[in-house]
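The data blocks that follow each hold one structure.
Here come two complexes built around chain A, the first alongside chain B, the second alongside chain C.
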Partner chain A sequence: MLKWWKNKKGVPKDPRVQQNASIHSLIETLKQSKDFTSDHLTGPTDCIVSYIKTIIEPKFLHKSILPVLKSQQLKDLEEIKDHVPVNNIKITDDLEEIRIRIMQGDIMIRMKETDDRALLIPATTVETRKVSIPEVEFSVVGPKEAFVESLDTNINLLRKRLTLPQLTIREVMIGKLTKTRVAVISIEGIANKENLNTVLQRLNAIEYDQIIDSSFLTQMMSDNSNSPFPQFLDTERPDRVTEVLVEGKIAIIVDGSPHALTCPTTIVEFFSASDDYFLPWHLASAFRLIRLFAVIFSVLSTSLYVAVLTHHQEMIPEDMMATIVSSRADIPFPPIMEVLVLELTIELLREAGARLPTKVGQTIGIVGGIVIGTAAVEAGLTSNVLLIITALAALASFTTPVYQIGNTIRLIRFPFLLSAQFWGLVGISMCMSFFIGHLIRLQSIGRPFFAPLYPLRFRDLKDAFIRLPFSLQSKRPMQTRADDSTRFNPNRVQEKRDIDD
Partner chain B sequence: MIKPKQSGTQAISENVKVSPTLVFFLIHSMQVGIGILGFERYIVKDAGYDAWVSVLIGGVIMHILIWMIYHILEDSDGDLVSVHNDLFGKFLGGLFSIIFSFYYLLLTLTVIRTFVEVVQVWIFPRLNVWVFTFLFLLLAYYFAAGGFRIVTGMCLFSVILGLPILALKFYPIQYAHLENLFPVIDHTLIEILSATKTVTLSYLGIELLLIYYPFIKKPVSSKKWAHHGVFFTTLLYLVTALVSFIYYSEKGIQGVIWPTISLWKIVEFPFVERFEYVGIALWVYVILPNICLALWAASRVPRRVFHFRQRWVLILYFIILYIASGLLKDREMIDTLNDWTGKIGFYVLLYIPILFIIQKAMKKARKRHA
Partner chain C sequence: MLKMIYRFVPFYISICVLAGCEINSVEDVAIIQIGGYDYIDEEKFRGTVSVPEFSRFETGSTTSEKYFTATGETLKEIHAKLQGKSSKPLIHGKIAVNLYNEELAENDISFLLDNLMRDASIGREVYLAVVDGSSKNMIETQYSESERTARYINGVIKNNIKENFPTTNLHDFSYAYHAEGMDGFLPLLKKYSDHIDIKGIAFFKKGKFVHTIPFSDSFVFKVMKENMKHGSRKIEYEDHDYIIENIGSGVKYHVVKGIEDPKFRIEINLDGILNETTRFKLPSDPKFLAKLESKLTKDLEEDCLNMLEEFKEKNIDPIGFGNVLKSRVRGFDYDQWKEIYPSADIEVDVNVEILETGITS
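The block that comes next holds the complex of A and B.
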């Protein structure tokens, strides 16, 4: 929604152009910085070399450019261009382009201080982290490469997996100040054109001063930005991105962010891990179901506890009654207070653990889990039974393979708790129907988010709650509306040999 | 305020339409609702334990009515409003359509108030009806305001989430007295037919097809699914009735207001007792599409007749429903409401064949003139 009201305000068309009217004033602006260098060479070639020394490669300047300029007399820019042994050199008098390229790390050469024409030689060097193992979406088997903060490295990781001329990379610049490069990646001929257009259109409509991370885009491009459910899948694994690109989805990578976004996505995709494809299908299906059960348990367990103990005590079987009564006998709070205190403690631990360095974080986890938990029970603040339930629920919420949906699950527990307090089981049902309705309404770049459940698509159900063998997945998911929906010819695969052939 | 586009199927864009398969869920989930919780007692009054025959006859009648509705709608290629305008002119036709709108509203009211009654009786005797209905209606509004696609989605999930409840029928079967059913058919045809009339209240819901027909992609191919839906409902009612009959004695069932809920009481799991609480909580999913779909249809009609904004009509109906369900206080009033809805619903169903005949006659007359 941001884009709507931003557009209405009378923002000047391109403020950049108005900042500096000429190349001279641009240089004046740059000279305020200590790291901008402008040398007047008086050797054989009489010219001015200017650059920002912190983002160019000094070795390159000394080895490839200065020797050329100093060894012979070159009269104009064209001559220099012919002699410098570098690709992608440009002569231009377009102020806009000069500005962008200087800021990106080009070396500018002019013949005279007053000249408007300049020669631009790319000499950028960018500091990046080495490609390392994925930490958010770790998997035991399978590739162990994760994206880093450089767009070019990330594209490299994809290109080496998909050596296809059809792998198309479109680039957009977003952010008035940060001018962040955003790459939209898709496979031509498979990805649906309409999806691609939607993505590009939404990217171009974004007006904001900074794009620091891909999560900015998730929020700005979402179909419903008020929803707690993420409508773009966020992944740090190049192999996962490759997989979805082949399915006909579209990936968005932001320069400076180690996470790629993929769309259109569905709710079930958030519960599928890369591991699911590395294991045999029955194991993968079983684990997926366990994960699904864990999520349901995590959302509902504490609210069921509140509902039953507050409103429906009759539901507790006789044998279990003694256990619950004895564990709750000393507790001065109603169930809802008890649950809220414990849930908030666990949330506290999580936040503390997430913000601290790994080693300290682990200690906090142990201290919190064991010491506070036992102490709370012994002090008579919470019951044993609830402690177990809450701890299990917290554990279960960590089983989600995608970090973002884990946050959603953390949050949506609380409305369930409240409704359980008001109307017991009926309240939980009502809350659940609300979320079902919400999920039915949600869309990811215009495609239904709750698919393949609604609209019901049997083809996509083959890879949703369970994962059937690859030989049965002969078509790409309907969700992506892929231009070419066939993965392989099933007839050829199913041609079976006879016994002893 | 922008007026919505004028009538006709052309105005409905492709992305709000639903696939023909979903008609199964639309029909089935609208039919199954509050009626199934307690219809056994009413039908037994007339036909005793031969009432299961009435359930079957009711099902057959519904199939015929579905067939007629499809004929009516196919000929006019629109919805009920365009059929009415076609046959009776703008003024009289509009009036008839508005009557339908009120009927759907009444249906919504009956369902929601009866459900609140069930919750009151079984779970929360001191439930604050005003607050509860407000939130429940708000939920229904959220769905109805999302449009037909969302309402259909809820129908789908209602059927899926409701299916496991069916498995619970296994428990009463363990204590079955099959001899309850014998001798088979010792009631007169009149008695069985009058039980059939009573059972129609439980079968109500197919008449909403008259409104949502233009929202179906390739409506012709949805016919089969509509019939499947009715068939499934009939089957469900038959099983429910038979299970109740073999569990309760013929005298005993007269004293049970909601036999189905009472049957949930005997369900036993090691980890949960008093299963009817779970059953009623799950019944929220079964009830919700009833309310949403009827509310949506009720608010759709004025939009088609007067070209009002549907959202405003929805809000108006929301207020009417809220006040009316709050004012209905005790069991007798709710019983009367159910009675009346059943009667009116019966006449609405009776109206369908009449409409069918009028339309066929008109068509023939017009053909002769042309």
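The block that comes next holds the complex of A and C.
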């Protein structure tokens, strides 16, 4: 990792970011900040203690370090190291390491101002949010823990679920300025080596100054970063991450981001909720199909409305003719304009609702939905048939369990709408072919994104559109190319185990 | 970037080329729901169409229609004249019923049929019918407060197809029209002052109307023509009338002898329930039902044979014996069949079973 950094020497142009030539100049740079403290202790031990006040634990300094230094006279750094009751203390003159560790919250002790050798005692304290219930991927039953912004807490949440020595956590530091810790998590012996290497290679190849959130990585590491479809599944549920790790996938957690990324992923995975595994298989399958239908409805309903009303009037059922025609009679716009106006209104409401504080957001939802909706109909700007269709389409797009794909669905409606206006149903079919062609070509870390449909993999279909019972899921998905593809011995499931005999 | 632009060139071109076609939203077009044609003389005929007018949403759905009539020598000419009378472009796709008056039907309707078949926007479930009288008159009458004429006529035909009338629509008629050894048939409608009756079945030889049977006989025809689920038939037996409701009948055609000296057997299996009688109680005779069954069998067989005899006389084949023969026998020759058909031997074998008689005590 450090090697990677060293290769890029001299790239930062800002002089303050540039590496300091000596420990002295490092301290000079640090001294510009108010929270950097450098005390010269004159007590029994004569030394200089330097640290950044805001990132170390003061209690620790006062209880474990200062008493040792003040109660007896210690002559050199080795002696201090022997006496301070903390592990992971290091004596070094490697400037690079000193710099990184001091910035991460270590306390540095030197004997003299001019010394190059320093003793580093880890004393970091990091403010984090408490583990709370998931807000984006809420589920009624099942675990209620969500990831937080601290990498260590997040790994803790995973470790406690997977108490396996094979659970391997590799760490990479990315971002020239932020030096964000990124953990690549996999289960040794299950996860495919090739997948793991691809992930590590792509992470190491990232060139950027800051990584604020895991979604940065989604965009930078994607196989096709121009695609509207996310090629990494992001989740805030540790249970979901555990689940996919066991399937042989790889998880990426970024320090400072409450969302983990998992890969390789497929399009169907975006429509499966963690609820699906907490319900009996037939119920789960039914709900999954409903969700899938909702997505298709959401993408196609308004464009079908436009196509049928402008190009294929003969497709309108006899009984609905009067309703549709009389509701459209007052509207001054052609159907496409009507749909665009309403869709944009709903997009506006969504954006407004997402940016506003929760309580105001609710009000906006009500105001938007009821007031604007009915007013638009009464003013004769839209027909009430369309209002229903658009509202249902918007509602249906919320059923996706993963937020990222919801955004995709929001967007891909518009090309469908336009082609419906230009070429009617032929246009919708053209647009559909275009998107399916795109999906077929898409890959997630080199694994097909449209699997198990293309390439067709019957084994993976057991947990795609429907979810078959656990007893039938004896193999890990082919998608992951797991090193060990067997989950359990299916024969032993079938054995009868009567206690009485 | 340039590559990107090149890639989208076909896309841009197709927008410009294909999007040029006329776009009209549903409220800006006149949707023809019913069309009728009347005979004027050897060359000319008259076309009438009805277009629904929809009211504003708040005022509720009162039915109103607009009628356009024009005469001409070709359909295109009539269509152009009709278009000239309408404020909105006329759209054919939603046409549900097409009417031809008797005289026109006798003079061949093939060219009108061809036009219907050729238009891809028209479905194949359109009802065609022959009108006794003027079809213009039939279209321009309002029969119901809540229904438009197209819907009303559509309903009359659809409703009867579920019961005693044989299945008919554009698809069936054109199948018979184009098939070798099969002739089509259409409902024959008659208008009364405030309603429409199905008067009978109009049989065609290719595109020409040549024969008709009364509506009361349509049960016999339907039982021979197709499998049916509903429908009813009266039996007169020992001075009383019994209504047998058909709860299912199946028909099978057997080719007994081949093309040289064709002989067919029609096997009809009919299950029915006794639904209504003109006497108060059924006789206690345990064999009564069996007798009733054999009476119905005899009646039906007789009626079927009479009807088939009529068909042979008129040299039409609405059942499609020629078509059956063609599919079963090697070396079928249509011209030869046309010669032989009037003398073909057809027997009818009916099996009736009365399954229940309702609550009797």
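Simple rule for what comes next: the second predicted complex is superposed on the first by the 477 of 501 C-alpha atoms of A that agree within 3 Å, B and C clash if a C-alpha of one lies under 4 Å from a C-alpha of the other, contacts with A are read in each partner's own complex, and residues count from 1 in each chain.
Here is the rule we go by: contacts are C-beta pairs under 8 Å (C-beta built on N, C-alpha and C of every residue); 3 or more make two chains touch, one makes a residue touch a chain.
In this text the structure is predicted, and so the values were computed from the model without any measurement.
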Fit-or-clash call for chain B and chain C when the two complexes are aligned on chain A: clash
Which superposed partner A:L177 touches (first chain B, second chain C, both, neither): neither
First (chain B), second (chain C), both or neither touched by A:I440: first
Chain B versus chain C as contact partner of A:M320, first or second or both or neither: first
Which of chain B and chain C A:F450 touches, first, second, both or neither: first
Chain B versus chain C as contact partner of A:L425, first or second or both or neither: first
Chain B versus chain C as contact partner of A:H312, first or second or both or neither: both
Chain C collision site on chain B, chosen from 189-197, 207-215 or 243-251, when both complexes are overlaid on chain A: 243-251
On chain A, positions contacted by chain B and by chain C: 311-312, 314, 316, 318, 423
Complex interface listing, chain C residues touching chain A: 15, 18-19, 23-27, 29, 31, 52, 54-57, 61, 91, 93-94, 96, 121-123, 151
In the complex with chain A, residue positions of chain B that touch it: 18-19, 21-22, 119, 123-124, 127, 132, 135-136, 139, 142-143, 146, 149-150, 153-154, 156-157, 270-274, 277-278, 280-282, 284-285, 288
Touching residues on chain A, where the partner in the complex is chain B: 311-312, 314-318, 320, 423-426, 428-430, 432-434, 436-437, 440-441, 450, 453-456
Chain A to chain C touching residues, read off their complex: 309-314, 316, 318, 321-322, 324-331, 334-335, 384, 421-423
